[in-house]
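We just call them A, B and C in the order they show up, numbering each chain from 1.
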Amino acid sequence: MRTTRAHGEVERMVKSERAGGYKAGKDVEIGKRAFIDSTASIGNNVVIGDGVQLGRNVVIKDNVVIKKNAMIEDNATIGYDHLTKKKKIYEEYPTIIGENALIRTNTVIYKTCKIGKNTWVNHNTILRENTEVGHDSTIGNLVMCEGYTKIGNQVAIHSQSGLGGNMIIEDKVFIATNVVTANGRRPTYLRNMPAIKDKGPIIRYGARIGISVILLPEIEIGREALVASGALVTRDVPPFSIVMGFPAKVVGTVPEEERL
Amino acid sequence: MRTTRAHGEVERMVKSERAGGYKAGKDVEIGKRAFIDSTASIGNNVVIGDGVQLGRNVVIKDNVVIKKNAMIEDNATIGYDHLTKKKKIYEEYPTIIGENALIRTNTVIYKTCKIGKNTWVNHNTILRENTEVGHDSTIGNLVMCEGYTKIGNQVAIHSQSGLGGNMIIEDKVFIATNVVTANGRRPTYLRNMPAIKDKGPIIRYGARIGISVILLPEIEIGREALVASGALVTRDVPPFSIVMGFPAKVVGTVPEEERL
Amino acid sequence: MRTTRAHGEVERMVKSERAGGYKAGKDVEIGKRAFIDSTASIGNNVVIGDGVQLGRNVVIKDNVVIKKNAMIEDNATIGYDHLTKKKKIYEEYPTIIGENALIRTNTVIYKTCKIGKNTWVNHNTILRENTEVGHDSTIGNLVMCEGYTKIGNQVAIHSQSGLGGNMIIEDKVFIATNVVTANGRRPTYLRNMPAIKDKGPIIRYGARIGISVILLPEIEIGREALVASGALVTRDVPPFSIVMGFPAKVVGTVPEEERL
């Protein structure tokens, strides 16, 4: 039996442990009254703001800024950097977690994501690279966001939704549980087809999407439109309209008193 | 570079470490033959029954009772207490994990939940506050339960289902994979609409719900009714009836020999 | 207050800690240049190949082979052995992670699974017992695979899909986000019905399945067929055909220039 261990590697990690117990790299700045659990790990070039809390086994990778009073819960990873497609951009932009933001347990935030002030990202969710979320928004539990997507302010995205890449979600949008969006008309994986620039749907200001709705790529859901639960949306939805069905058709208009 | 650590906080945690390695708060009672991994953490006012097992990095928060021979697997959190809406009730009622229950890896059970005897909650699932599950039931993997919901005995809820809050699920109900339920007729997030008391569907004794079914709010699925896969259920389903389609319509009756 | 700890148990674990910090059982072979985090845990009868990386809190259970240069990320569990149905087979066959494979954070791979060379399994995914995945395939995030399923080479299964047990997925199949498959015509849980051998769908070489598709049990999706997003597939789909709708109907043929 062979039991050669990687002595050098293990030794390096032990050396970088701080007095408080947690591990940290170079150029790490830690604010006042920050609480860092002894099992947390912090990479290089990281700024931890005043009053930030890092829970058990939290991993902060390189080039991350966590602003004041943000809370990163147990087993969350911020600035995850083992990307599928390495691009130079990832070397240049930091990952930013806004002031007073909350990242719940087991959630993974990829490199270059930006999470706005007062925004919550709940349990077991994955936000891939270049996901930008505004302020006062909520991303639910078990959500998958494929990245390259801009999500506005005061947006609610409920649990188990799956957002294909390259989307725009404007302010005050409401997305219910298990909504799924596509970003390619036809799957091209491994195929000899002309490369298409994948593009997900655009969801305009204040639109509301019901549970288990399916949104096809490139369509636009108009301002404050309402999409009924389970609808398959295959084409643009006009502003303030109500659509339902499979495929979805316009069945009415959002009344004045329900508008923002 | 500033590297001020929260010395007081770190010190406090180190002090509370026990001889066995794990951390524990005040008023913690631990039964005979209990196994607690050295990386586990236990809060205040906790009772760990005889023969209970707590895996690696398990976190038991305050006011939790874990009854004998229950097993809490790695990275699970019991009594999670960082709630959206703080109410006084959460201060009063304990979280209870029943005898011989199994909570699998990475699962989060919120404060005030009650899990019955012999019940299993599988991997990466989230049960929010005031979820009560009876005995001999199974909650699958990657399930989201929004809480304020009573789930009966011998119930099977399969993986990736999303249960909106304020539901009743009676004994011997079968819910297949990816079933989603709503609890609000119209999304009211951030809008100036009259406050409605959200109410999810009621699923009566022995009903069976197929994969990817959508249940709208406030409806009742009758005793032992069968809802076919993919159905959109928009109204009450009579007892013993079979429904299917989009929206679902009654297409038959469950034969006598299939009834409980 | 009673505070009896399980002294014997705790002591045993402390004893098995290695110099590098991680825990390991008997008959553990570790290759050259392998990196094992000090918080990882390795069971009995395990082979860790050259250049393998095991992240923080990784748990390798008994009878596991991890081939060279595979990477197991933080909080992943390989060879999970707390099975619902214990069968003798599980004692005999090892769990195998192929050369250069990547298992991302929080993922659980059950006992007897085989993951091929260069295959990736992304975050928070669960592969139950007897799941075999070929080489150069990708399993997305938050995927649930119920096991007893053979998945081919160069297959893409996207995030949040739920694969019922006992399926065959051939080479170069593309499965989009949130696809769910069933493996029983009627739920028989707790009922006095004749035992049926559950059997999921078969998906032939190069078939493409759109987002949120529902596949009923026992059907066959023919070679390179294309199933449109949201379709409910209730019967066999002929090779090279395009189907859509609820239930799905044939609407065309995949053009020659799109075929593999």
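We adopt the following convention: contacts are C-beta pairs under 8 Å (C-beta built on N, C-alpha and C of every residue); 3 or more make two chains touch, one makes a residue touch a chain.
Only a predicted model underlies this, so the values are computations on that prediction, with no experimental measurement involved.
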Minimum number of chain-to-chain contact steps, subunit A to subunit C: 1
Same or different residue numbers at the subunit A/subunit B copy interface, by half rule: different
Whole-Å separation of chain centres (CA-atom averages), subunit A against subunit B: 24
Interface hub residues of subunit C, defined as touching at least two other chains: 39, 57, 75, 106, 124, 142, 160, 178, 212, 246
Subunit C to subunit B touching residues, read off their complex: 1-7, 9-10, 13-14, 39, 41, 57, 59, 75, 77, 80, 82, 106, 108, 124, 126, 142, 144, 146, 160, 162, 164, 178, 180-182, 186-187, 189-193, 212, 214, 216, 232, 246
Contact footprint of subunit A on subunit C as seen in their complex: 18-21, 27-39, 56-57, 71, 73-75, 102, 104-106, 122-124, 140-142, 154, 156, 159-160, 172, 174, 176-178, 208, 210-212, 226, 229-230, 245-246, 257-258, 260
